[in-house]
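Across the two complexes that follow, subunit A remains constant while its partner is subunit B and subsequently subunit C.
So, the complex of A and B:
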């Protein structure tokens, strides 16, 4: 186990930073906010942490903390400006934000290392610290999926008008999505640069959006568990596919296409559906045994004791008694 | 007898002397460009009574509900909740002030169980979360339903359905879940937009009985429905709308016999035919 871990250290590190990057895109999507700003925050986080360590000699954890706070603030400011946009327009605005970060990195002169980037970012950042930070971020995201907060996030995503009627300040949640996305993106970028010791313009930009989207589309977009599944698959798969040489890109593409077409809710969605099916089967068996709700002819469910009464009522049911039925409508009137 | 309605001034049944209406509308208008969906409605709703709004399709009933719940901006007019102006208040704050509603179409969250859907309503009730979290690590028990959920489920006769998903339920049962969600909010004013659409006669009678049972709790209810017999059976007072304006109001049985109401529903030609027979 230890040998496996040591020989695959880079892949494990990439899995963790890839997971947090995927979450930085998934969290806003879970709130119905089509923002890809997490990729831009990743770029900011990578360069900011690198600069803080390399130019100002900050320690690893201090650099990460400052970076996360900074990218969260940038996320807030970005959200304040564009959170009223929706759908494609919002997505395009955030892609533009990501591209601006890439342009700034290339044209940042000595501060960003221009087209060659930053090298020699050496710190005492350990694997244990990376795992601890990842688990802490995962725990916070997981908490947003359960209980009152989870229900409110679901409501904001599925029906903003309903959410407002239920006392939920939709704008505040959308703004929070930008802040959390910024913090997670910054964390992912900072951790990655500190374990790689280098960052360049080719490490950030549009490719990160594709990578993160691939992870959450295939893994599942509604839960951190889906992001985890996607991060594991798309970090380890390219390594496993090296045996087929130049064909690996094709296999990779086919997997993504099949998942997008056949698994619209991702692998985790399939697991969830299977779990629900098992629950329903077990529940219906129990219900049938004790006379509880059963499936009726039209696929609905009704309590067994009411079944006869409901069927009798349906047989005797009249169409809606509207006002026109209170007066006698003349035959043939039109 | 029903009364013809002046287009200015406040309408509604007289409440007990000195009481503040739960909801008061003063000259409320909602215009969409040149379309006057609601045009100068004034009315008062008192606690403990059930009000109805009838009117043909497109008469502005649902727009009026949307305006009252601040989901549609007012073109002009004032909204007062317990005497307090709320026409500038955000929609999301109205829930905290005791306003709950259902929608014309079923709007349940498909990935949540009945219990969780109803819990969304209870979440809006201040202090409910604290009740849920009572005891150590209470927040780790998301499946524990709050008392408000249990009560709303019982009142709407949804026991046994708590762990089902909306897609597993008949349409009428889904509508009952919506009503349960609104009840779980613990409202002072409940707005029901065609709550019995898609229900059979037995289910309609149940909803009518449920509404009448909640009247004794002091709840003020405003019901939008096309089923006039249900309005007669359920409501204490009915407003009739046409083309965004109130055309009659009064006791339900009187309003449905009002010539202006019959003409709005049937057209002058059919009304005259009906009278001649």
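So, the complex of A and C:
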């Protein structure tokens, strides 16, 4: 295990930073905000952390903390400016934002190292710290997917008007999406530059958006588990595809295209559907064997096929219950 | 004055490229992110053919047009139609098409990158050679003249097609209200295929012309052009033919000004900045009508 771990350290590190980058684009998507600003924040984060460590000799964790706060603030400002936009227009405005960042990086002169970028960024950043930060970020994102907050987020995405009429401040949620996206993107960029020790303008261009998007699309766009699946696949796939040899980029492209077209909810969506289907058939079979009522996914009772006859027979000696059919059903799935 | 020549030729390349994107987006509601890939792959195919035989200008242009049209139709049938069939509403369909386009675009890019090992490729093997002419003291090449003429002619033709022909009327009807158009007997699927073919042909044509005038392009050059074309369309207003021409030449002018005034490395930022600015100040574009969404 430790052999495997040390020989694949680079891939494990890429998986972690790739996962956080994917989350920075997935979180806004889950709120119905079609923003790619996470990739721009990743660029800002990578350069900011690199500069803080290289030019001002900050420690790794301080640099990361400052960077994350900084990119969160930038995310807030960006969100405040462009939250009016929607759909494709929002998507393209954020793509423009990302690409401007890479042009600024090229033109930063001494500070950003122009077209060669920054290198030799060596710190005391350890693998344990990286795992801890990733898990912490992942836990926070996972918390936003369950319970009251999770339901609110789903409503803001699927039906903003309904959400507003239920007293949810949709605007605030959308703004929060930009802030969270900024912080996550910054974290991913900062962590990546500290373990990789270099960053250049080519690392933060259009390709980065495509990479993050493919992770989410193939993995699944509605849950952090999807982002995790995607991050694992697309960090390890190029390594595995070397077996196929020279056509690996083509295979990669075909996988992405097929997932984008045929699996809109990604691999995680397929797994989820399969799991639900297996559970339902098992439960139905058990319920049928027992002869009791069938319980639906959402806990409701599914009417039996000859329910009318059964109810009539049950109510035969109690005429007052004939009207109240629901109460004559056995309660629960006992 | 020489700068004006640059503006006009650069703007014409943008126009030719953005025209196809603008037509599909304004009518059948497809923002085709594989358009840059089609552009690149057409020029790439032409260069492959030229490795085998020597051809003149017209056959090479025709190869570009044919490959572009074919590839676009293929993408429409294999990708966008499948996505539209599965999407549950218009909003999610828009997103899925954007993402699907990005996904599909990887395939031609991968093929070209593999074959060229990410080196630039060109059309030097063609029997047609780029020559410099002198027009009233200005230096222009024959391919520049051809680019400008073709861009303007095709732009005018497309505008007339959309405004005057029955097909154009049907297309514009789809753009306003696809359901009602379908009720009036518009065959949406067939028209979408025609539109994608036209759009792809323009991408292919601009790909070959652009490669001729630059000498060589890389497999990745489609991506940058894609964002620039988006800037042109946004600037003029989605669906407006006058708008896309205005956007193309204005973007070219802005870029040439930046190029001559500074050391040139900020040029790329112009289009991105323009997108941002226009979306904030006037999202409907300069010539765009205010979009009416009936849901």
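Convention: the second predicted complex is superposed on the first by the 281 of 334 C-alpha atoms of A that agree within 3 Å, B and C clash if a C-alpha of one lies under 4 Å from a C-alpha of the other, contacts with A are read in each partner's own complex, and residues count from 1 in each chain.
By our rule, a contact is a pair of C-beta atoms (placed from the backbone, for glycine too) under 8 Å apart; a residue touches a chain by one contact, two chains touch by 3 or more.
Keep in mind the model is a prediction, meaning the values are calculated, not measured.
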In the overlaid three-chain picture, which partner chain does A:62 touch, first (subunit B) or second (subunit C), both, or neither?
neither
Given the superposition on chain A, which partner contacts more residues in subunit A: subunit B or subunit C?
B
First (subunit B), second (subunit C), both or neither: which does A:281 touch?
neither
In the superposed arrangement, which partner chain does A:126 touch: subunit B (first), subunit C (second), both, or neither?
neither
For A:116, decide between first (touching subunit B), second (touching subunit C), both and neither.
neither
State whether A:256 touches subunit B only (first), subunit C only (second), both chains, or neither.
second
Taking the superposition on A as described, I'd like to know which of subunit B and subunit C A:166 touches: first, second, both or neither.
first
Across the two complexes, what residues of subunit A are contacted by subunit B and by subunit C?
none
For the complex, which residues does subunit C have touching subunit A?
31, 78-79, 82-83, 86-87, 91-92, 94-96, 98-100, 102-104, 106-107, 109-111, 113-114, 223-224, 227, 230-231, 234, 265-266, 268-269, 271-273, 275-276, 279-280, 283
Under the touch definition given earlier, write down the residues of subunit A that touch subunit C in their complex.
34, 81-82, 84-85, 87-89, 91-93, 95-97, 99-100, 103-104, 106-107, 206, 210, 213-214, 217, 246-247, 249-250, 252-254, 256-257, 259-262, 264
Using the touch rule from the top, collect the residues of subunit A that touch subunit B in their complex.
146-148, 150-152, 154-155, 158-159, 161-170, 222, 276, 279-280, 283, 287, 292-293, 296, 298-303, 309-310, 313-314, 316-318, 320-324, 326-330, 333
Note: in the complex, subunit B contacts subunit A through residues 54, 69-71, 90-96, 100-101, 103, 107, 109-112, 116, 119-121, 123-124, 129, 132, 139, 142, 159-161, 163-165, 168-171, 173, 181, 185, 200-203, 226-230, 256, 261-262, 265-266, 269-271, 273-274, 277
